[in-house]
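Down below are the structures I want you to see.
Two complexes, one shared chain (subunit A), two partners (subunit B, subunit C).
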Partner chain A sequence: MTPALLWIPLLPLAAFALLITCGRRLAPPVAGWVAVAALAASAGATLALAEPVLRGQRLAVRWAWLSAGDPRWALGLAVDGLSWLMLAVVTGVGTMIACYSIGYMRGDPRYPRFFAYLALFCASMLGLVLADHFLLLYACWELVGLCSYLLISFWFEKPAAAAAGRKAFITTRIGDAGLLAGILWLAWAGGTLQFDALAGLRETLSHGLLTAISLLIFLGAVGKSAQVPLHVWLPDAMEGPTPVSALIHAATMVAAGIYLVARTLPLFTPESLQVVLAVGLLTHLAAGTVALTMTDIKRVLAYSTISQLGLMMTALGLGAAALAMFHLTTHACFKALLFLGAGSVIHATHEQELGRLGGLRRAMPWTAAVFLIAAVSMSGVFPLSGFWSKDAILLAAQHDGPPWLLGALLAGAVMTTAYVFRLYLRCFHGAPAPHAGHESPLIMVLPMAVLALGAAAVGLAGSPWLAHPLLHLLGLTQIHAGIDVPILLWSTLAAAAGLWLAWSVGVRRARPLPAALRPLGTRLYTWAANKYYVDEWYQRLIIGPYLAAARGLSRFDLRVIDGAVDGAGLAGRALAVWKERFDRLVVDRLVNGTASAVRLAGAGLRWVQTGIVHQYLLVVVVAVVVVSLVLK
Partner chain B sequence: MSVRLILLLSHALFALGVYGVLTRRHAIGLLLSIELILNAAALNFVLFSRAFGHVEAQAFALFIIALAACEAVVGLAIVIGLARHAHTVFADQVDLLKG
Partner chain C sequence: MKQGRGSCRAATPPAVLGLVGLRAGGGVPGSASPAEAILSLGGLLVLLIGAWARGHRPALTASWLTLAAGAAALWSAPVPPASSPFFGLILCDPFSLAFRWLALGTLAIVLLLASASRELAAAVRGECYGLLLLLGVGLMLMAEANHLLMAYLAMELVSLSSYVLVGFLRERRSAEAALKYLLFGALSSGIMLFGMSLLFGLTGSLAFPDLQAAVAGTGGPMARALLVAAALMLAGLAFKISMVPFHMWTPDVYEGAPAAVTALLSVGPKAAGLALLLRLLEALAPLWASLSPLLLALTVVTMTLGNLVALVQTNVKRLLAYSTIGQVGYLLIGLAVHTRVGHEALLVYLVAYLFMNLGAFACVVAVMNGTGSEALEAFRGLARRAPGLSLAFAVFLLSLAGIPPLLGFVGKFLLLGSALDAGEVALAVAAAVNSAIALYYYTNIIRLMYFAPPAQAEPLSPSPSPALRLALGSCAAATLALGLWPGPLLELISRLAVVRLL
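And then the complex of A and B:
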């Protein structure tokens, strides 16, 4: 079983290596099929692991990484129920999306590179899920961030896409910094970073320390899973190709945050779980209201993802990791399907503004059908997937949460149904739009059909009808037996209310509010339609001052530092001028003066040297005579 | 012959040699005059050897004769070189060392 474990992340990685090095030499569809084959093989390897994992076994590979002193650091891959479920989601949904991309990306000039990035994205996500150690998880976590940057700004010729990639990268980096700090603190305080040792740390570390560390780790999840206040990157990430949006929203990027919190849940103290709950609920409701007002198909879906991630975070805040993962699984299916459906619409009509779409049901029957299945599943209508996972969370909220929580989540459910059906009805029903759509090719419809099957039926794995195999897999022992009929009724009521809202307000533009409340409603609508001005506030409070400070520093640099450097240069030059003058006037004159003195002396003395021997001899004789007279 | 007389003779020889060196223009004349000076010195050595009974001084006289022979060889060689290169044997016509 161990080799299969290694193959799961290595196959997409190999596909990435192959495509990035010689992808250009492959014919375009071949490059796509390489990625699909690698992901499908990973999915096969995951399925091969199913049998022992379902029996509750934990498979692991481990190798020594650093053996300097104690503690010895080991890296490894491990599969338990939680990570197996994530593996299944990533490989399954990833394969479908890669398959779909073969059709969607046809004719793109960087076709092989797209699939190379896609494969790397999946490989790093698989590595993240398989890691049994914080360090490997962090490395893969950053790789996921890098791939998201590469893919969101895949069409980097568009300035908006380049900016969106940058924004995603920088925003998630804020969370990553928190995660890194948490990991380092944990290593320093706890001495271990193995995931299987986390439960043991609960006894040894102090309560406050655990709270601080878990909140730092949660900050990483907030960035990656686009929770308030770091959610701003996700809507902008819609600038990337639609399959990338599907991958980010369903399987890879945002799921990482949920997985991280679920994996490290033993570290979370009641206080930090309160924070998780609050952030999750706030995200769920705020993003839901924004999704109601967006008019771009992909942005509606983006905010709906943020909202659903908020729901998962809420479940995590209740301590129900298994339920959050269950919802993540069903969400992966129907959200990937919604995105692929939206991509199909965009592919056919080159239009993503809701106001210019409509009546596509006739032209695109398959897309409309799968979109409807996904929408119904997302609304939580009995007995599709979304119902089981959402109702499990509602049930947990009723039992473990404060009394108002159930009401808040039901309000969120109303909004969920409302925005998704508003999207569906305005896209596929009503008066046909000027853009005559056409059905997408089989290569795009087939993955959608498979995902539709998942969106409809995956939830059954966590339903009481099949005795909750999925929840057992995730280690949940106390399960509410049977279907809770009041909750079922409540959620159905919420879905019906949402549907009515979508129909009356979203499509027919009715005004349900009494006239007295209308100004307030308009104001709320304006707020939501402008995303609560979060981007504007960031611009004003953080980015603006930051840029101003940078500009100030640049000016300081230009004036003071450059001035000092230039001044030093000028002073050096002035000094050199003076030195040159000194050299010329003093040193040169001294040297030349010596030479001229010698020349002058020579000129004066040259008459002595006549060259006539007799005169020399005469001098000698006279000198001898004089000397002998003197010495006498 | 008294010592004084011979001493007078050697001084006269020396004076003649110095006069010749200072006045002769011909290079060979110069050499001859130098020969006179050397022989005046040799005569003095022999004279004082006889007068004070020292034998060593006679050895010096022999050295001087040998030296004079060598000097004549070198001097004549120089004179021949002079005649070949400067086409003259007159010492005052050669002033290459004039400053």
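And then the complex of A and C:
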């Protein structure tokens, strides 16, 4: 089974190597199909591993890296239930998105390069998921960051895209620095970076140390998974091609943070879990309100992703890694589908402002249908995928969380339904907009149809109807049997409330607030519509002072340090010139005569020969005599 | 008359053998040296083929067959912990085995370069291949020598073959280089012979193990004479490894010799010379306290001079000559610290040096084939004319400069570590400062290749031949792969490790 394990990340990597080196020689669709084939083969290899993994086996392959007597530096790949599920999500959703991109990216001048990056993105994510060692995980983690930079700023001719790529890279680097510090601290204190040894560290390390290390690791996840306060890069990342957004939001980039916390959950103490819970919940609610006010299709979806990631972090904060991963899986399906649907709309109308869209249902029936399925699934309507995963989290919140947590999550559910249906209704219903859309080609519709199937049915794998195979796979043993009817009613009620809000406020522009509260409502709306001014605060409090300091330091560098370094360099060079001159003028002339003079005046050769013998004798003999005298 | 220990045991002790410390009956030339025998015979055969056959292909084929047979023989020969065949003249132990493989590897890559080099195309190349093989025998024997007589013979075999090879081009420059080399070499070996005879007079033996015992027992005024003998012999070896102040031939000879031969000279004799120096110093171990300050000082001077003068060179072969002097300075660290860690680091760095320096010379050969020039200016804008070649050259140069994750970094890291381990902080600091200086001229070439506009825009032609590609590719792959996964190499070398040199 281990060969299959190695093939999973290596195939997309090979596709990347092929496309980056000779992609330009391939005809455009061929380059796309190479990436699709590699990802599909990886998906096949993942499926081939399903049988032993479902039986609870842990497959591993390890090799020694710098094994000079230290077993810590043996790296390896391993698959257990958790990573297998991630593999399935990445390869499955990745294949669909790559397939869709064949149509979406048609005619782009850097077509092969796009698929090369896409393959590398998936390869690094697969490596990250398969790593059984922090070091390998970190390497892949950085590769994922690099690929996100390359893909977000893929259309780097647009200044906004280039800036967004930079912002994503730099913002996530802040988290990465925390993760690296956590890893180094762990290596220093715990003596191992092996994932299967993490549980053992719980006994050996002190409580405070574990809290600190786990919070540093969580910082990495906050950056990658776009949690407050490092969420600012994700909405800007919409500047990339839409399939990239789908990939980042569903399968590769943001999932890495959730996976990291789920993987290292044994290190998290109750205190650090409190932090995870608080950050997750804050992100869930704040991003939900912002999503309600956005008018750009992709930005609504971006904030919706942040909000859903917050929900997953909340589940992780409750210690329910399996439920977070379950929601990640269903979310991957419906969020990828929502993005691909949005991409389909943008592809057809070249418009992504909600105000200028509408009534596309007739022109794009397939897109409208799959979008609706994704929206319903995301709203958590029984019995689609989103319902099962969200309900499981609500149930866990009711049992393990503080009493108000269920209420907060239900409020979040209302917002979820409200913003996704506001989006759906304003895009596909109402008066037709001036842009006459047309249905996308089959190569784009087909992957969406497959994902729609997933968005509808994947959740059943974690439902009581099929006896929770997915949750067993993730190692969860105590599961609520059957459907909890009160929670079902509550969440249905929340969905209905959200739908009503979307219809009345989002579409009909009704004003449900009493007149006395309206100024407050307007103010709240303005805040949310301006994303709570987070970017502005960062600009004023961090970036501005930072740039000022950098300018000052640069001036210092230019005047003081450069002067010193240049001086030292000039001195060194002068010394070298002098030595060379000595070697050339004194030694060479002594020993050889000038070689050029020899070449010019062939007659002088005989003279030089005698000179050489004489001078050689002199220098070598003098050296030997000096050495003999020096020795004592 | 003092007799060697071995001769007492032998049934019929030939007195003359005992005189010089040979162990009569000390071993049968059976399993120990078939590789050397094959290479010698093959070398002679190739010389004949080169003289009679038309074109260089038959000789080249015969050379490769010889090399393969030699490698097979070396591979299949059992390696006992130590055996001394040929009356104790040579010592086959794991230490010498490592150097024999290094010699074979050098030979293989240089053979690729020589067959692909355009400047050698007009010469009688069959003869060149035969001489290369004989030179290889000399290198292997140098590493195996356990007796001053053998050491001297092996060194002369190497020297004589190199004199001819250096003067192989029908150019005045090449002839002049050969002559300089010959004169310098003759003087050095004369001085070395003088040292040997002095040593023989003082100790009554030429075999390393006997020398060690005899040196340990010598005291009083004779100890002073021993030091003089050691200094004289050191001079001969210092010439071979281009150690300052016996380095002056290096730039001139490197510049004049064909590039493929320069490649060989910059690696093969350096490795074998260091091996011999290690053994000789072990034989003179009782004098170590007196020799070590001198060696430390010369190590620092060697690397500093080599690197500083390399800064202002404009000819790439001359630049690499000074770079070689600098690299020898690094290598000498492993010798000067005189610890097991140092010896291991020396071996690792030699492996690294083999790949990166031969690779760099392969690039020089490729550029010379394409442009006919060996000036640094020929590398201007090369990245646009030959991207693959430029990338490979950049890898080799960065590895020479000791940048991770390349193999040169691993070697240099270990060498610096061994210096710190031995408490020689000043030595480590000097080496680190030197690395910084060296980075300047190595990256200067990379800057020329990548950031300077090319004089001509069209691709380099002819593009590297398959033989050259093979040499470049294998060196680059080894530099990169072993740099990323040094584990197996380190393990292998620590197993070969130099437990006992005599």
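Going forward, the second predicted complex is superposed on the first by the 549 of 632 C-alpha atoms of A that agree within 3 Å, B and C clash if a C-alpha of one lies under 4 Å from a C-alpha of the other, contacts with A are read in each partner's own complex, and residues count from 1 in each chain.
Going forward, contacts are C-beta pairs under 8 Å (C-beta built on N, C-alpha and C of every residue); 3 or more make two chains touch, one makes a residue touch a chain.
Just so it is clear, the structure is predicted and the values come from calculations on it, not from any experiment.
K.L.:
Please indicate which partner A:618 is in contact with in the superposed arrangement: first for subunit B, second for subunit C, both, or neither.
P.N.:
first
K.L.:
Any idea whether subunit B or subunit C touches more of subunit A?
P.N.:
Looking at subunit B versus subunit C, the one contacting more residues of subunit A is C.
K.L.:
I'd like to know which partner A:546 touches here: subunit B for first, subunit C for second, both or neither.
P.N.:
After superposing on A, A:546 lies clear of both subunit B and subunit C.
K.L.:
Figure out whether A:556 sits in contact with subunit B (first) or subunit C (second), or with both, or with neither.
P.N.:
So A:556 meets neither subunit B nor subunit C here.
K.L.:
In the overlaid three-chain picture, which partner chain does A:525 touch, first (subunit B) or second (subunit C), both, or neither?
P.N.:
neither
K.L.:
Who does A:404 touch here: subunit B (first), subunit C (second), both, or neither?
P.N.:
A:404 contacts neither subunit B nor subunit C.
K.L.:
Please write out, lowest number first, the residues of subunit A touched by both subunit B and subunit C across the two complexes.
P.N.:
602, 605, 609, 612-613, 617, 621
K.L.:
If you look only at subunit A, which of its residues touch subunit B in the complex?
P.N.:
It comes out as residues 602, 605-614, 617-618, 621.
K.L.:
If we count contacts the way the header does, which residues on subunit B are in touch with subunit A in the complex?
P.N.:
Contacts found on subunit B: 18, 21-23, 25, 30, 91-92, 94-99.
K.L.:
Which residues of subunit C touch subunit A in their complex?
P.N.:
Residues of subunit C touching subunit A: 172-173, 176, 179-180, 183-184, 187-188, 191, 227-228, 230-232, 234-235, 239, 245-246, 248, 252, 290-291, 294, 305, 308-309, 311-312, 437, 485-487, 490-491, 494.
K.L.:
Which residues of subunit A touch subunit C in the complex?
P.N.:
64-68, 572-573, 575-577, 579-580, 583, 587, 591-592, 595, 598-599, 602, 605, 609, 612-613, 616-617, 619-621, 623-624, 627-628, 630-632
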